[in-house]
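Two complexes follow with chain A in common, the first pairing it with chain B and the second with chain C.
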Partner chain A sequence: MRVGPVGFRIGSDWHAPIAALDALYRDYPRPEFADYSVRLEAVSPWRRRVRPSVRVAGDYWLPDASPLPLAQGVLAAEMGMNLQVALGHRRHLLLHAAVVARGDRAILMSGVSGAGKSTLALMLSQRGWRFLGDEFAMIDPDTGLAHPFPRPVSLKNESLSLIPKGYRTGPLLTGTPKGDVRNVAPPAAAIAAMDEPARPALLIFPRFGFPSALSGLAPTETFMRLTQASTNYVAMGEAGFRALTRLRAQVPAVALDYPDGEAGVAAVEALWEAL
Partner chain B sequence: MAGPRYRAAAAALLIVEPLDMFTAVFHRPSGVTHLLNEPAPQILEALADEPLDRDALLARLAQNFDLGDADGTAVLQARLAELEAAGLVDRV
Partner chain C sequence: MSAVRTLVALLRDPERAGAIDPAHWTEVLAVARAETLAGTLAYRLAGLALPGGVVGALAEARIDAAEARRTALWEANRVALALRPLEHPVILLKGTAFVAAGLAAGQGRGIGDCDILLPRPLLDHAEKLLVDAGWEWMKSDPYDDLYYRQWMHELPPLVHGERGRMVDVHHTILPLTARPTPDAQALIDDAEVLDGGLAVLCHTDMIVHAAAHLLADGELAGGLRNLWDIHALIEEKGMVGLEARAAHHGLSSAVDRALRLTHALYGTTVPARWQRLTMIDRLYRCRMMARDGWGRERYKALRTVSYIRSHLIRMPLPMLIRHLWIKWRKAKAASGSG
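Take a look at the complex of A and B:
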C-alpha cells in the first residue's frame, strides 16, 4: 500500500495479518512499486503452525527485536513499516511528530511516545482538522512543506476509549509489549488528501498528564529538541541542517503541558487562534 | 613567541546559524553539527579573514569581548584546541 510519499510491500508467511491489513488500509492506494518491503516471517519452519511466532524482516531491521505472537501480526507489520521509514527514508527530514492542518497550514506536535500526540491528532481530526499523521512529520528539504504520512493511529490502553465512532479499526491486540493496542485508520478524507502538503505554522511540544502550562522556547532549545525528534537528521547531512534551521527560524515553538485530552485540544486551538 | 597561526575553516565549508547565546555551525566536510557558545563563534569570525597567532587573536577579541580571566590566554587556548579538534580551525 502507499501512505503519502512512501510505498510499502508487505509479505507474510500467514494469510491472517495480510487480511487484517487489507481491511485496515482499505482506503489507501495500491502503488505500482514499493519503496520498502516488510516481511512477517515464522521464526522457524515449525513455528509457522505451532505457537506461531512472527519475526519482522525487511530492507532495514533491528537485530535484537523480539518476535511477536501471530495474533499481533498487524502490530508487527506496523512496527516494521515504521522501522523502514525511520531508518531508510532520506527524501524528507523526519520528525517524530503528529501533524494536523487547517487549509494549507499545519501544526506539528512533537514528542516522545506517551506525550499524547496521537490522541491529540485524532481528537483534532474530529473537529475539522485534517490529519496528516501521528508518527512522522516529513519535511521537504527544498520547500519546507510538511508532507502527509497518514498511517493508522495506534491507540494504547486507556486511550482505547477515545476511538471515535465511525472510524475504521483493526483488531484489538491484547497483551502486546505496549499493552492493549488497536489501530485506527484516519478519516477517508485525510487519506484522499495525502498528496497535499501543508506549510508548518506552529510547533508544539506537548506533554500529557501534567497541570496545564504553556512556555515559550529559546531558539537553541527548539533547535535541540528538533534534532532529538528527528530520526534521520544526521543521515540527511546538509539538507537536514537547512530544513531544520529553516523550520526553527520560521515557525513559532511552544512547550505545552496538559492534564487530559480535552484540555490539550482546547489549548492547541487557542494557540492556533492566537497566531 | 606567540606560536602557530590559526585560521578558520573556509567559509564555504561552514553553514553558520546564530540562534541566541548559542550558534549552530554545520561543518560540511564531516557532516557534523556543532553548537557553539561564546567565545567560539567570535573566534571563528576573527579567524575568517586572515590567520592570526594567539596573541593577535587575543588582542582582536579583547576589543569587543571579556574572556573572563586575567589575561584570557587559558580560555582562548582551550577554545582553540576544541575548535581545532572539531576541524573548524586549523594551523597555517
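Take a look at the complex of A and C:
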C-alpha cells in the first residue's frame, strides 16, 4: 500500500496479519511499485504453526530485534514499516513528530514516545484539523514543505479510551512490549489529501502529564531538539542540515507541558490563534 | 525473469530498464539492497526515463552512496592522521580505496569498514597509535583475540569510540592459514601514493585483491557486488599485466575464475580464454545469484556447501576441526549460562 510518498510491500508467512492490514488500510491506494519491502517471517520453520512467532525483516532491519507472537502481527508490520522509513528514507528530512494542518499551514508536534503527540493529533483531527501523521514529519529539503505520511495512529494503554467513534480500528493487541495497543486509521479525508503538503507554521515540543506550562525556545535549543528528533539528519548530509536550519529559522518553536488531552488541545489551538 | 537476473542484466545493459514493469521494480530494488548494489544501480541508470516511484527510490540510493563516500573519506583522513607517526603511507583497500582514487568502481558503492594495509612490522605500533587516538577493541574473548593475532591477516577489529566506525588493519590480503600466500611486500612496494598520507594498491593488485576476497576468502555472500568491483576496475583501466601479477601472488585460479564469472555476468571485456564458464563456475554463479524476489537467500544446501568451503579454503582441515570444536564448545557454554 502507499502512504504519502512511500509505497510498502508487505509479505507474511501467515494470512492473518495481511488480512488485518488489508482492513486497517482499506482506504489507502495499492500501488504497483513499492519503495520498501517488509516481511513477517516465522523465526524457524516449526514456529510457523507451533506457538507462531514473527520476526520482522525487510530491505532494512535491525539484527537484535526481538520476535513477536503472531497475534501481534499488525504491530510487527507497523514496526517493519517504521524501520524501513527510519533507516532507508532519504528524500525527506524525517522528524519524530505528529503533524496537523489547517488549510496549507501545519503544526509539527515533536516529542519522545509517551509525550502524547499521537493522542493530540487524533483529538485535533476531530476538531477540523487535517491529520498528516503521528510518527514522522517528512520535510522536503528543497521546499521546506511537510509532506503527509498519515499512517494509522497506534494508541497505547490509557489513551485507548480516547478512540473516537466512527474511526476504523485494527485488533486490540494485548501484552505487547508497549502494553495494550490498538491502531486507529486516520479519517478518510486525511488519506484522500495525503499528496497535499503543508508549510510548517508552528513547532511544538509537547510533554504529557505535567502542570500546564509554556516556554519559548532559543534557536540553539530548538536546533538541538530537532537533531535529536530526526532519524536521518546525519545520513542526509548537507541537505539535512539545510532543511533543519531553515525550519529552525522560519518557524516559531515552543515547549508545551500539559496535564491532560483536553488541556493540550486547548493550548495548541490558543497558540495557533496567537500566531 | 527472476529479480536477481534482472539486476545483473540492468547493471550490464542499463537500456533494458524501460521494459521493466513497476511490480518487478519492487523486487529488483529489494534484491539490489540485499546485495548492496542499489547505489551502483542508481548510478548506472541515472538519466534514463523510469517510472516516478523508481526514480525517487534510486535518487535515495544515490544520496546514501554520496554519504557513504563522504564518511569513508573522512574516516580514512582520521586514520591517516592517527597513524602519521608511522611515517608510512596508509594503504586503503576496497571501497575506501576506490572512492579515494576516484575510480568508477567507487561510484554508488556502499562502504562499511575502513580497510587498510600496512607492513607487518608496523602493526603493533599502529594498533597502539589507533588506541591512543580513540579506537577501541570490540568485546571479544581471549581465543578470538589470539586467533586473530596468530592466524589472521589483520588485527582484531577496532571501533572508534565516538564515530562508531570500524578500522581493519591488514598486513596482507589473505589469512595466513590459507594456501595461497600473496606477496605482501610487493603489494606495499607497488602501491600508488595519494595525497594526505594515503595510498592505494596498484591497479592489478586491486583486481587480484578483489578476486581473492571474492573467491579465496569468503562465503560468496554479497558476491555480486565484489564481482562488480572487478568488472568496473577492468572496464576502466584494462587488465594489462594482470595474469603475471596474479601468478606472482599465487592467486591465478581465483583471478581466472573471477574473470570468467565477471564476463559471464556483466559482459566484461576479457580475452577469449576467459569467456567460457566451467561446470564449477556455474555452481559459483548459482550461489552468487541465490536470492528470491524479496531479497531472501535461497538454496540452503548450496549455501551450506559454500560455508564449509569458505572455511576449508581458509585453513587446513586439522586446524579447522580444532577451531570449530572450540567455537562449538563456547557456543554451548554461552547458551547454557544464558
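Following the convention adopted for this analysis, the second predicted complex is superposed on the first by the 275 of 275 C-alpha atoms of A that agree within 3 Å, B and C clash if a C-alpha of one lies under 4 Å from a C-alpha of the other, contacts with A are read in each partner's own complex, and residues count from 1 in each chain.
As a convention for this text, contacts are C-beta pairs under 8 Å (C-beta built on N, C-alpha and C of every residue); 3 or more make two chains touch, one makes a residue touch a chain.
Because the structure is predicted, anything quoted here is derived from the model rather than measured.
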Regarding the shared-chain residue A:227, is it in contact with chain B (first), chain C (second), both, or neither? first
In the overlaid three-chain picture, which partner chain does A:241 touch, first (chain B) or second (chain C), both, or neither? first
Please work out whether A:55 is in contact with chain B alone, chain C alone, both, or neither, and reply first, second, both or neither. neither
Comparison of chain B and chain C by chain A residues contacted: C
In the overlay, answer first, second, both or neither for which of chain B and chain C A:32 touches. second
Contact-wise, after the overlay, does A:219 reach chain B, chain C, both or neither (first, second, both, neither)? first
Footprint overlap on chain A, comparing chain B with chain C: 237
Over in the complex, which chain B residues touch chain A? Could you list them? 15, 17, 19-22, 24, 26, 28, 31, 33, 35
Within their complex, chain C touches chain A through residues 21-23, 25-26, 29-30, 33-34, 51, 53-54, 56-57, 59-60, 63-64, 66-67, 70, 294-296
Could you pull out which chain A residues touch chain C in their complex? 5, 7, 9, 11, 31-35, 37, 39, 57, 59-60, 88-91, 235-237, 239
Show which residues of chain A lie in contact with chain B when the two form their complex. 218-220, 223-224, 227, 234, 237-238, 241-242, 245, 248-249
